[in-house]
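First chain A sits with chain B, and in the next complex the same chain sits with chain C.
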Partner chain A sequence: MDESPRPPSPSRQSQSPPPPPPQSHTGSPTDFLKGVVGKRVVVRLTSGVDYRGVLSCLDGFMNIALEQTEEHVNGVITNRYGDTFVRGNNVLYISAAEPL
Partner chain B sequence: MDPSVTGIQEPFDLIRLSLSERVFVKLRGDRELTGILHAYDGHMNLIMSDVEETIMIVDPDNIANGQNVVNVAKRKMDMLFVRGDGVILVSPPSRT
Partner chain C sequence: MASQILPLELIDKCIGSKIWVIMKSEREFTGTLLGFDDYVNIVLEDVTEFETTAQGVKKTKLAQTLLNGSNIAMLIPGSDGPESS
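Let's turn to the complex of A and B:
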(Lines of atoms letter the chains of each structure in order from A and count residues from 1; the text may use other names and numbers.)
(Lines give C-alpha, C1' and ligand atoms only; values in the text may rest on other atoms or scores of the structure.)
Protein backbone atom coordinates (compact mmCIF):
# COMPACT_ATOMS: atom_id res chain seq x y z
CA MET A 1 0.00 0.00 0.00
CA ASP A 2 1.84 2.95 1.27
CA GLU A 3 5.13 1.19 1.48
CA SER A 4 5.87 1.61 -2.17
CA PRO A 5 9.57 1.69 -2.71
CA ARG A 6 10.88 5.14 -3.27
CA PRO A 7 13.67 5.76 -5.66
CA PRO A 8 16.71 7.00 -3.89
CA SER A 9 16.77 10.73 -4.01
CA PRO A 10 19.55 12.00 -6.18
CA SER A 11 20.51 14.59 -3.67
CA ARG A 12 19.47 15.89 -0.27
CA GLN A 13 17.97 19.08 -1.62
CA SER A 14 14.48 17.85 -0.93
CA GLN A 15 15.16 17.96 2.78
CA SER A 16 14.78 21.68 3.22
CA PRO A 17 15.20 22.95 6.76
CA PRO A 18 12.04 23.81 8.65
CA PRO A 19 10.90 27.39 8.20
CA PRO A 20 12.14 29.80 10.83
CA PRO A 21 9.71 30.59 13.62
CA PRO A 22 7.32 33.38 12.62
CA GLN A 23 8.39 36.78 13.77
CA SER A 24 6.14 38.98 15.80
CA HIS A 25 5.28 41.30 12.94
CA THR A 26 4.07 38.63 10.59
CA GLY A 27 0.59 37.24 10.62
CA SER A 28 -2.85 37.85 9.27
CA PRO A 29 -4.60 41.21 9.31
CA THR A 30 -6.72 39.89 12.15
CA ASP A 31 -3.58 39.11 14.13
CA PHE A 32 -2.40 42.67 13.57
CA LEU A 33 -5.69 44.12 14.74
CA LYS A 34 -5.69 41.92 17.84
CA GLY A 35 -2.15 43.08 18.50
CA VAL A 36 -2.92 46.79 18.35
CA VAL A 37 -5.92 46.77 20.70
CA GLY A 38 -4.90 48.83 23.69
CA LYS A 39 -2.08 50.51 21.76
CA ARG A 40 -1.81 53.98 20.26
CA VAL A 41 -2.95 54.01 16.67
CA VAL A 42 -3.60 56.38 13.81
CA VAL A 43 -6.93 55.83 12.08
CA ARG A 44 -7.16 57.51 8.71
CA LEU A 45 -10.56 58.02 7.16
CA THR A 46 -11.20 58.11 3.44
CA SER A 47 -11.73 61.86 3.81
CA GLY A 48 -8.07 62.22 4.82
CA VAL A 49 -8.81 63.09 8.43
CA ASP A 50 -6.66 61.27 10.99
CA TYR A 51 -7.70 60.19 14.46
CA ARG A 52 -4.88 59.41 16.85
CA GLY A 53 -5.67 57.66 20.08
CA VAL A 54 -5.66 54.45 22.05
CA LEU A 55 -7.60 51.70 20.31
CA SER A 56 -10.22 50.40 22.73
CA CYS A 57 -11.80 47.85 20.45
CA LEU A 58 -13.17 47.23 17.00
CA ASP A 59 -15.66 44.92 15.35
CA GLY A 60 -16.14 43.12 12.08
CA PHE A 61 -17.45 46.23 10.33
CA MET A 62 -14.25 47.95 11.43
CA ASN A 63 -16.29 50.21 13.65
CA ILE A 64 -13.68 51.55 16.05
CA ALA A 65 -13.72 52.81 19.62
CA LEU A 66 -10.84 55.11 20.51
CA GLU A 67 -9.77 56.74 23.77
CA GLN A 68 -7.87 60.00 24.23
CA THR A 69 -8.61 60.87 20.64
CA GLU A 70 -7.05 63.72 18.71
CA GLU A 71 -8.47 64.73 15.35
CA HIS A 72 -5.78 65.82 12.90
CA VAL A 73 -6.54 67.60 9.63
CA ASN A 74 -3.50 68.36 7.46
CA GLY A 75 -1.29 67.59 10.44
CA VAL A 76 -3.00 70.11 12.71
CA ILE A 77 -5.00 69.08 15.76
CA THR A 78 -8.56 70.24 15.21
CA ASN A 79 -10.41 68.49 18.03
CA ARG A 80 -9.92 66.34 21.09
CA TYR A 81 -12.39 63.81 22.37
CA GLY A 82 -12.32 61.56 25.40
CA ASP A 83 -13.88 58.62 23.61
CA THR A 84 -14.96 58.26 20.04
CA PHE A 85 -16.89 55.78 17.99
CA VAL A 86 -15.85 55.78 14.33
CA ARG A 87 -18.24 54.14 11.88
CA GLY A 88 -16.32 51.48 10.00
CA ASN A 89 -17.24 52.43 6.46
CA ASN A 90 -15.24 55.63 6.79
CA VAL A 91 -11.98 53.88 7.75
CA LEU A 92 -9.14 53.84 5.22
CA TYR A 93 -6.44 52.32 7.45
CA ILE A 94 -5.34 51.69 11.00
CA SER A 95 -1.68 52.30 11.67
CA ALA A 96 0.21 51.30 14.80
CA ALA A 97 1.69 54.43 16.37
CA GLU A 98 3.88 52.60 18.88
CA PRO A 99 5.91 49.39 18.79
CA LEU A 100 3.79 46.28 19.05
CA MET B 1 -10.72 39.73 24.18
CA ASP B 2 -8.97 41.94 26.61
CA PRO B 3 -11.31 44.60 27.92
CA SER B 4 -9.40 47.78 28.51
CA VAL B 5 -9.79 49.97 31.52
CA THR B 6 -13.11 51.37 30.35
CA GLY B 7 -14.59 47.90 30.22
CA ILE B 8 -16.02 48.15 26.75
CA GLN B 9 -15.73 45.07 24.60
CA GLU B 10 -17.16 46.21 21.31
CA PRO B 11 -17.45 49.66 19.79
CA PHE B 12 -21.23 49.76 20.16
CA ASP B 13 -20.78 49.56 23.93
CA LEU B 14 -19.54 53.13 23.73
CA ILE B 15 -22.82 54.16 22.14
CA ARG B 16 -24.92 52.11 24.53
CA LEU B 17 -23.28 53.82 27.48
CA SER B 18 -24.15 57.19 25.93
CA LEU B 19 -27.92 56.67 25.76
CA SER B 20 -29.78 59.58 27.33
CA GLU B 21 -26.57 61.60 27.26
CA ARG B 22 -25.62 64.55 25.12
CA VAL B 23 -23.39 63.35 22.31
CA PHE B 24 -21.40 64.93 19.51
CA VAL B 25 -21.96 63.45 16.05
CA LYS B 26 -19.86 64.22 13.00
CA LEU B 27 -21.67 63.69 9.72
CA ARG B 28 -20.77 63.61 6.07
CA GLY B 29 -21.10 66.91 4.29
CA ASP B 30 -19.27 68.98 6.95
CA ARG B 31 -22.13 68.76 9.42
CA GLU B 32 -22.03 68.24 13.14
CA LEU B 33 -24.76 67.55 15.64
CA THR B 34 -24.97 67.77 19.37
CA GLY B 35 -28.01 66.38 21.07
CA ILE B 36 -29.39 63.84 23.45
CA LEU B 37 -29.14 60.29 22.17
CA HIS B 38 -32.34 58.31 22.59
CA ALA B 39 -31.86 55.28 20.40
CA TYR B 40 -29.55 53.68 17.88
CA ASP B 41 -29.27 50.49 15.86
CA GLY B 42 -26.61 48.49 14.12
CA HIS B 43 -26.57 50.84 11.15
CA MET B 44 -25.93 53.71 13.53
CA ASN B 45 -29.30 55.15 12.69
CA LEU B 46 -29.85 57.54 15.56
CA ILE B 47 -32.77 59.15 17.31
CA MET B 48 -31.77 62.39 18.96
CA SER B 49 -33.60 65.19 20.67
CA ASP B 50 -32.79 68.80 21.50
CA VAL B 51 -30.39 68.84 18.57
CA GLU B 52 -28.24 71.66 17.32
CA GLU B 53 -26.84 71.16 13.84
CA THR B 54 -23.72 73.03 12.76
CA ILE B 55 -23.04 73.25 9.03
CA MET B 56 -19.60 74.36 7.86
CA ILE B 57 -19.87 76.12 4.52
CA VAL B 58 -16.58 76.81 2.75
CA ASP B 59 -17.12 79.57 0.24
CA PRO B 60 -14.83 78.96 -2.76
CA ASP B 61 -15.33 82.51 -4.02
CA ASN B 62 -14.14 83.95 -0.77
CA ILE B 63 -10.67 82.61 -0.19
CA ALA B 64 -8.74 85.37 1.52
CA ASN B 65 -4.98 85.15 2.18
CA GLY B 66 -4.93 81.49 1.31
CA GLN B 67 -7.21 80.74 4.21
CA ASN B 68 -10.61 79.38 3.45
CA VAL B 69 -13.36 81.47 4.89
CA VAL B 70 -15.72 79.09 6.59
CA ASN B 71 -19.25 80.20 7.20
CA VAL B 72 -21.07 78.39 9.93
CA ALA B 73 -24.81 77.90 9.91
CA LYS B 74 -26.64 76.55 12.90
CA ARG B 75 -30.14 75.35 13.43
CA LYS B 76 -32.05 73.55 16.11
CA MET B 77 -34.40 70.63 15.93
CA ASP B 78 -36.53 69.15 18.64
CA MET B 79 -36.41 65.57 17.45
CA LEU B 80 -34.30 64.04 14.75
CA PHE B 81 -33.80 60.73 12.99
CA VAL B 82 -30.29 60.39 11.55
CA ARG B 83 -29.73 57.82 8.84
CA GLY B 84 -26.72 55.74 9.82
CA ASP B 85 -24.76 55.97 6.59
CA GLY B 86 -24.20 59.67 7.14
CA VAL B 87 -22.46 59.14 10.46
CA ILE B 88 -18.68 59.45 10.59
CA LEU B 89 -18.05 59.67 14.31
CA VAL B 90 -19.91 59.73 17.61
CA SER B 91 -18.32 61.08 20.74
CA PRO B 92 -20.05 60.65 24.07
CA PRO B 93 -19.61 63.18 26.84
CA SER B 94 -16.22 62.73 28.47
CA ARG B 95 -16.67 60.51 31.49
CA THR B 96 -14.17 61.39 34.14
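Let's turn to the complex of A and C:
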Protein backbone atom coordinates (compact mmCIF):
# COMPACT_ATOMS: atom_id res chain seq x y z
CA MET A 1 0.00 0.00 0.00
CA ASP A 2 1.53 3.27 -0.99
CA GLU A 3 1.50 6.09 1.47
CA SER A 4 0.79 8.95 -0.89
CA PRO A 5 -1.97 11.27 0.25
CA ARG A 6 -4.16 10.88 -2.86
CA PRO A 7 -7.64 9.48 -2.19
CA PRO A 8 -8.11 5.75 -2.58
CA SER A 9 -9.10 4.63 -6.05
CA PRO A 10 -12.54 2.98 -6.42
CA SER A 11 -10.95 -0.41 -6.95
CA ARG A 12 -9.48 -0.24 -3.47
CA GLN A 13 -12.75 0.69 -1.79
CA SER A 14 -13.44 -2.88 -0.70
CA GLN A 15 -10.45 -2.81 1.61
CA SER A 16 -10.74 -1.42 5.09
CA PRO A 17 -9.35 2.10 5.33
CA PRO A 18 -5.70 2.30 6.33
CA PRO A 19 -5.10 3.05 10.00
CA PRO A 20 -4.29 6.67 10.76
CA PRO A 21 -0.57 7.36 10.81
CA PRO A 22 0.97 7.12 14.27
CA GLN A 23 0.83 10.48 15.98
CA SER A 24 4.25 11.87 15.09
CA HIS A 25 5.03 14.14 18.04
CA THR A 26 8.09 15.63 16.43
CA GLY A 27 7.66 18.60 18.74
CA SER A 28 7.51 16.68 22.01
CA PRO A 29 9.76 17.72 24.90
CA THR A 30 11.97 14.66 24.40
CA ASP A 31 12.48 15.48 20.72
CA PHE A 32 13.24 19.09 21.53
CA LEU A 33 15.87 18.06 24.06
CA LYS A 34 17.47 15.60 21.63
CA GLY A 35 17.76 18.39 19.09
CA VAL A 36 19.14 20.99 21.45
CA VAL A 37 22.01 19.05 23.08
CA GLY A 38 25.32 20.51 21.95
CA LYS A 39 23.69 23.82 20.98
CA ARG A 40 23.74 27.21 22.70
CA VAL A 41 20.78 27.60 25.02
CA VAL A 42 19.29 30.00 27.52
CA VAL A 43 18.23 28.35 30.76
CA ARG A 44 16.04 30.59 32.92
CA LEU A 45 15.49 29.64 36.52
CA THR A 46 12.29 30.40 38.41
CA SER A 47 14.25 33.15 40.19
CA GLY A 48 14.62 34.93 36.84
CA VAL A 49 18.37 34.39 36.55
CA ASP A 50 19.53 33.28 33.09
CA TYR A 51 22.34 30.87 32.33
CA ARG A 52 23.56 31.01 28.73
CA GLY A 53 25.89 28.34 27.46
CA VAL A 54 26.34 25.16 25.48
CA LEU A 55 24.04 22.40 26.67
CA SER A 56 26.25 19.37 27.22
CA CYS A 57 23.69 17.00 28.72
CA LEU A 58 20.52 16.72 30.75
CA ASP A 59 18.11 14.15 32.21
CA GLY A 60 14.41 13.65 32.81
CA PHE A 61 14.47 15.85 35.91
CA MET A 62 15.71 18.73 33.75
CA ASN A 63 19.00 18.60 35.63
CA ILE A 64 21.33 20.34 33.21
CA ALA A 65 25.05 20.47 32.53
CA LEU A 66 26.22 23.60 30.68
CA GLU A 67 29.60 24.57 29.25
CA GLN A 68 30.98 28.08 28.66
CA THR A 69 28.29 29.39 30.95
CA GLU A 70 27.43 33.04 31.42
CA GLU A 71 25.21 34.04 34.32
CA HIS A 72 22.88 36.90 33.39
CA VAL A 73 20.96 38.87 36.00
CA ASN A 74 18.60 41.52 34.56
CA GLY A 75 20.42 41.26 31.24
CA VAL A 76 23.87 41.92 32.72
CA ILE A 77 26.59 39.27 32.84
CA THR A 78 27.42 38.69 36.49
CA ASN A 79 29.59 35.58 36.28
CA ARG A 80 31.28 33.17 33.89
CA TYR A 81 31.77 29.50 34.60
CA GLY A 82 33.50 26.78 32.58
CA ASP A 83 31.10 24.03 33.54
CA THR A 84 27.83 24.35 35.40
CA PHE A 85 25.37 21.88 36.82
CA VAL A 86 21.84 23.22 37.30
CA ARG A 87 19.44 21.22 39.48
CA GLY A 88 16.25 20.60 37.51
CA ASN A 89 13.72 21.79 40.07
CA ASN A 90 14.92 25.39 39.55
CA VAL A 91 14.50 25.38 35.78
CA LEU A 92 11.72 27.54 34.37
CA TYR A 93 12.57 26.98 30.71
CA ILE A 94 15.25 25.89 28.28
CA SER A 95 15.30 27.96 25.12
CA ALA A 96 17.34 27.45 21.97
CA ALA A 97 19.72 30.37 21.43
CA GLU A 98 20.78 29.27 17.93
CA PRO A 99 18.81 27.69 15.06
CA LEU A 100 18.06 24.01 15.61
CA MET B 1 -21.68 9.93 27.25
CA ALA B 2 -19.53 8.45 24.52
CA SER B 3 -17.97 11.78 23.58
CA GLN B 4 -16.14 12.44 26.83
CA ILE B 5 -12.92 14.32 26.13
CA LEU B 6 -9.94 14.38 28.44
CA PRO B 7 -8.21 17.67 29.27
CA LEU B 8 -4.98 16.61 27.62
CA GLU B 9 -6.85 15.57 24.47
CA LEU B 10 -8.00 19.16 24.24
CA ILE B 11 -4.40 20.35 24.45
CA ASP B 12 -3.40 17.74 21.88
CA LYS B 13 -5.90 19.29 19.45
CA CYS B 14 -4.10 22.61 19.90
CA ILE B 15 -0.75 21.36 18.61
CA GLY B 16 0.30 23.65 15.79
CA SER B 17 -1.84 26.57 16.93
CA LYS B 18 -1.27 29.50 19.23
CA ILE B 19 -1.51 29.00 22.95
CA TRP B 20 -1.27 31.22 26.03
CA VAL B 21 0.43 29.74 29.06
CA ILE B 22 -0.05 31.29 32.50
CA MET B 23 2.43 30.30 35.19
CA LYS B 24 1.88 30.09 38.92
CA SER B 25 3.89 33.29 39.32
CA GLU B 26 3.46 36.63 37.54
CA ARG B 27 4.72 35.25 34.27
CA GLU B 28 3.00 34.34 31.02
CA PHE B 29 4.07 32.89 27.69
CA THR B 30 2.52 32.84 24.24
CA GLY B 31 3.64 30.92 21.21
CA THR B 32 2.86 28.13 18.81
CA LEU B 33 2.39 24.80 20.59
CA LEU B 34 4.72 22.15 19.18
CA GLY B 35 4.18 19.43 21.75
CA PHE B 36 3.86 18.40 25.36
CA ASP B 37 4.28 15.33 27.57
CA ASP B 38 2.48 13.65 30.48
CA TYR B 39 3.87 16.19 32.95
CA VAL B 40 2.57 18.98 30.69
CA ASN B 41 6.06 20.19 30.01
CA ILE B 42 5.44 22.24 26.89
CA VAL B 43 7.44 22.98 23.75
CA LEU B 44 6.63 26.33 22.15
CA GLU B 45 7.90 28.14 19.07
CA ASP B 46 8.11 31.89 18.36
CA VAL B 47 7.60 32.61 22.03
CA THR B 48 6.95 35.86 23.85
CA GLU B 49 7.48 35.88 27.59
CA PHE B 50 5.53 38.44 29.63
CA GLU B 51 6.94 39.12 33.05
CA THR B 52 4.79 41.39 35.21
CA THR B 53 6.81 43.41 37.71
CA ALA B 54 6.27 46.55 39.74
CA GLN B 55 8.03 48.43 36.91
CA GLY B 56 5.63 47.12 34.27
CA VAL B 57 5.47 44.21 31.86
CA LYS B 58 8.81 43.01 30.53
CA LYS B 59 8.60 41.21 27.20
CA THR B 60 11.20 38.73 25.97
CA LYS B 61 11.22 37.04 22.56
CA LEU B 62 12.41 33.44 22.42
CA ALA B 63 12.87 30.79 19.74
CA GLN B 64 11.97 27.16 20.43
CA THR B 65 11.50 26.78 24.16
CA LEU B 66 10.78 23.94 26.57
CA LEU B 67 8.67 25.17 29.48
CA ASN B 68 8.91 23.25 32.73
CA GLY B 69 5.44 21.92 33.55
CA SER B 70 5.88 22.22 37.30
CA ASN B 71 5.34 26.00 37.15
CA ILE B 72 2.40 26.02 34.73
CA ALA B 73 -1.00 27.01 36.10
CA MET B 74 -3.25 27.40 33.07
CA LEU B 75 -3.35 26.98 29.30
CA ILE B 76 -5.56 29.04 27.00
CA PRO B 77 -5.78 27.55 23.50
CA GLY B 78 -6.02 29.73 20.43
CA SER B 79 -5.03 32.94 22.20
CA ASP B 80 -2.35 35.47 21.35
CA GLY B 81 -1.93 36.22 25.02
CA PRO B 82 -2.44 39.11 27.41
CA GLU B 83 -2.33 41.77 24.68
CA SER B 84 -4.87 40.18 22.35
CA SER B 85 -8.06 41.04 24.25
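Following the convention adopted for this analysis, the second predicted complex is superposed on the first by the 74 of 100 C-alpha atoms of A that agree within 3 Å, B and C clash if a C-alpha of one lies under 4 Å from a C-alpha of the other, contacts with A are read in each partner's own complex, and residues count from 1 in each chain.
Basically, a residue touches a chain if its C-beta (ideal position, glycine included) is under 8 Å from a C-beta of that chain, and two chains touch if they have at least 3 such contacts.
It should be emphasised that the depicted structure is a prediction, and the values quoted were computed from it without experimental measurement.
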Exercise for the section: Identify the partner contact of A:Leu92: answer first if only chain B is touched, second if only chain C is, both if each is, neither if none is. Expected result: second
Practice task
Could you look at A:Val37 and tell me whether it touches chain B, chain C, both or neither (first, second, both, neither)?
Solution key: first
Exercise for the section: Give one of first, second, both or neither to describe whether A:Asn63 is in contact with chain B, with chain C, with both, or with none. Expected result: first
Practice task
Go through the superposed model and pick first if A:Gly48 touches only chain B, second if only chain C, both, or neither.
Solution key: second
Practice task
With the two complexes superposed on chain A, say which partner A:Leu100 touches: chain B (first), chain C (second), both, or neither.
Solution key: second
Exercise for the section: Check the residue A:Gly27 against both partner chains and state whether it touches chain B (first), chain C (second), both, or neither. Expected result: second
Exercise for the section: Applying the touch criterion given at the start, work out whether A:Thr84 contacts chain B, chain C, both or neither, answering first, second, both or neither. Expected result: first
Exercise for the section: Share the list of chain A residues that count as touching for chain B in one structure and for chain C in the other. Expected result: 89
Handout entry: Residues of chain A touching chain B in the complex
Key = 37-38, 45, 47, 51, 54, 56-59, 63-65, 67, 69, 81-87, 89-90
Handout entry: Touching residues (chain side chain B, partner chain A) in the complex
Key = 1-4, 6, 8-15, 24, 44, 84-85, 87-96
Exercise for the section: State the interface residues of chain C toward chain A in the complex, per the touch definition above. Expected result: 15, 23, 25, 27, 29, 33-37, 41-43, 45, 47, 51, 62-68, 70-71
Exercise for the section: Under the touch definition given earlier, write down the residues of chain A that touch chain C in their complex. Expected result: 25-33, 36, 42, 46, 48, 62, 88-89, 91-97, 99-100
